[in-house]
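Right after this note come the structures.
Presented sequentially are two complexes of subunit A, the first with subunit B as partner and the second with subunit C.
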Partner chain A sequence: MAQVPKFTKIQELIYELPIERVMKKNVVQVSPDTTMTELKEILRVNRISGAPVVEEARLVGVISIEDLIKALVEGDIQAPVRKRMTTQMITVRQDESVIEAVKKFTQYKVGRLLVVNESGGLTGILTGGDITRGLLEAISLDYHAEEISRYRAKHIFEDIVSDQTSLILRYKVKAKDFNSGGRASSKLKRALDRLGAVPEVIRRVAISSYEAEMNLIIHADEGGEIIAELQPEVMRITTIDHGPGIPDVKEAMSLGFSTAPNWIRELGFGAGMGLANIKRCADFMKLESKAGAGTQLDIVIYLRPEATDETSPQGEKPQEPA
Partner chain B sequence: MISVKEIVEKLHLEAVSSTRSLDRPVAGGYASDLLSCVMKGAKKDDIWITLQSHVNVIAVASLIGLAAVIMTEGNRPDQETLNRAESEGVTLLLTPRTTYTVVGALNELGIKGNP
Partner chain C sequence: MGNRTVKLQEIVEIVEGTILTERVNMDLDVLSCGASDLMSDVLAFMKPGSLLLTGLIHPQSIRTAEMADLAAIVFVRGKTPGLEAIALAQELNIPLIASPYGMYEMSGLLYKAGLTPVMPVVK
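Up next, the complex of A and B:
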């Protein structure tokens, strides 16, 4: 399989992180009547490069260190901020994602954006540096949380010691509930991913459990149950239903055989490939059924492909059902 | 490797869900309307071309980790399908053109099927 670079975490975060998580709160504000000399001290003491100008709780402009330098050059240092400030204010909403801020930085070529809430009140200020710092923090948080849960899951079989430890996951599957199709297999796939199974094995589990799940949805009168038993080396998936049962199991196993009605085939099911797909993905598969009673399907997949040959006893190979 | 975004632009597709992951590269292509065939034949990071537009398409695409799904001949997913696609991070692309035409165009862009 080709190794493909994934969509980067940074790109995801830029779209997901709200601006309020990265902006500077407790913004130092100045009044329009502040003089440029006073402003110089405010910027120096607070170690900031600019400040919003607020008059009677209303945002009226923004003043930066650049404006201060220009005032110095022109000898206008005693002027009030009102005279030297920029009144063109570029704002972003605090609930917008960081990408909106990035777009505005590019579009307006400004050094800082004013962050406002829904009613237009100033709640923070945002610079390029804030975005970088916020993203780095979010990435390390995310990374740690995922690493920790992965680590814990991976070591569950080492941490909990018994002569034979296994983890049992049960999923109920409702009859004809196509809208939920694939939910149980998605959860199973996620569990295996957490446990650190190799991608090829996860793919085989995903395909076989999906086909088994869809069989319960399509065929079982009252739905059924998927029971996945996880052991350190092996996964056993069993599906059980209580009817209608399969009259001829051998026929059901043959490629292209399907009893699905037309409306189900129109949804793209009933290709007569489900059981064949399961068989192809499983290290061992057994289908037992009795017409009028119910069906039980057993699937065994070894979690470490290299261990298959050593641990597989004779006869535990893919085989035709009796 | 060509990205989903380039395909969207070159084939004038309408991206309707999970449009954030359009930078994702596409490894190959697969076309079928039978879900079990897709489970068998499509590989991770492939783009899948189908007439189907119901919610199970999302389950299949997510389980095998497809880069995107193109729904052809003007078929549109319902709201439930769109919601599920969004929550599973599956990119859905729509086109009025037929599967045959779309596959031809993808081939010209260098996207090949699995041998």
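Up next, the complex of A and C:
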């Protein structure tokens, strides 16, 4: 999984987090008739660096600490806010994502954005600092939720104790539904990842299950079923269908042998490599079939690489599934 | 020649590619590269973190990349997959790139740039 390209959590959040989650609500507002001297006190007491100017519930401008400094320099401190405020107001909507605010900060080089609702009413104010704080909070929340759920999934076999615990995941596979091919194996792969299996093992399970799933789609008359049984040490994948069955299993196992029609080959499969691929990924594999009846494929993969036959002292093959 | 990892950004420049998915991490290290239209070959021989060059624009090429933990897919000769395939790649965070070059030219360009080949040489 480490190799799969991923954009960072921050990038994801910038696109997903709505502005209302990070903006300051309860905005301190001033009237246009407030004097600059009064404004200085309002900014100091509330420890803010600017405020929207509202007249009769209507937004008419923004006044900031920069405007106050200019007024001081020019000796115009008794002037009303109306005279010194900026009337160019850059607004963002509260339901837009944070990225929209970031774009406006870059585009207009302003220190704060006014946040409005659908009808244009002022609902909050947003500074760069609010965005940083909001993102950090969201990350820590997400991180905790994710950590807890991963921890729980990883320890499921320790939490639930029995003489032999196994988790069974069943997936139905529809016949000839080539477009959905891989959906079941994708879910299985994700489940193993959540359960904390080793990436190399997850990949072997995914590839063998995917090839087996494609076989059900391509060959089985009525589709079939993938049954994945997960135990603390081992994964058993069984695929079952009800026909047409394979007349010669040995022939089917030989590299390059295929009965897949041409349209399947044009889609990148059916080259007679599927079963060989499964065998390569599995610690054990068994194919049983009868022409006119059904086919059952059993795959066993050890979840801990050190438990496979390559490294075990006697080079023992895992037990055949019943 | 043919023994280094190459950033996705550089690959896109070399193949004059158009990026078809959003929010792609261009700083990603691509470890190796293979070219095939046969998905079973890809599943059998390609390694995690490698780049697939293919003419197969069916969603199965994206599923294959998912199962084999591939880094990204480049489609040859200006072929572009359908919206369904692009949406699947987006969901799985697999970058898709369309290149005007055919398989042979593109393989040559990337090989010349030193990107490690992934397919085994069978003698």
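As a convention for this text, the second predicted complex is superposed on the first by the 302 of 322 C-alpha atoms of A that agree within 3 Å, B and C clash if a C-alpha of one lies under 4 Å from a C-alpha of the other, contacts with A are read in each partner's own complex, and residues count from 1 in each chain.
Everything that follows uses one rule, which is that a residue touches a chain if its C-beta (ideal position, glycine included) is under 8 Å from a C-beta of that chain, and two chains touch if they have at least 3 such contacts.
The shown structure was predicted, so the numbers you read here are calculated from the model rather than taken from an experiment.
Superposition of the two complexes onto subunit A shows a clash between subunit B and subunit C. Legend: residue contacts after superposition of the two complexes on their common chain; A:182 is shown touching both subunit B and subunit C.
When both complexes are overlaid on chain A, the residue A:40 reaches neither subunit B nor subunit C.
In the three-chain superposition model, subunit A touches both subunit B and subunit C at residues 1-2, 4-7, 11-12, 15, 178-179, 181-182, 185-186, 189, 199, 203, 206-207, 210-211, 267-269, 271, 273-274, 277, 280. Against subunit A, in their complex, subunit C makes its touches with residues 8, 23-25, 28, 31, 37-41, 43-44, 48-49, 54, 56, 58-61, 63-64, 66-72, 84, 92-95.
Here subunit A touches subunit B in the complex through residues 1-2, 4-7, 11-12, 15, 178-179, 181-183, 185-186, 189, 199, 203, 206-207, 210-211, 214, 267-269, 271, 273-274, 277, 280, going by the rule given at the top.
Every residue of subunit B that touches subunit A in the complex is listed here, in rising order: 1, 20-21, 23-25, 27, 33-37, 39-40, 43-45, 50, 52, 54-60, 62-64, 80, 88. Of all the residues in subunit A, the ones that touch subunit C in their complex are 1-8, 11-12, 15, 178-179, 181-182, 185-186, 189, 199, 203, 206-207, 210-211, 267-269, 271, 273-274, 276-277, 280.
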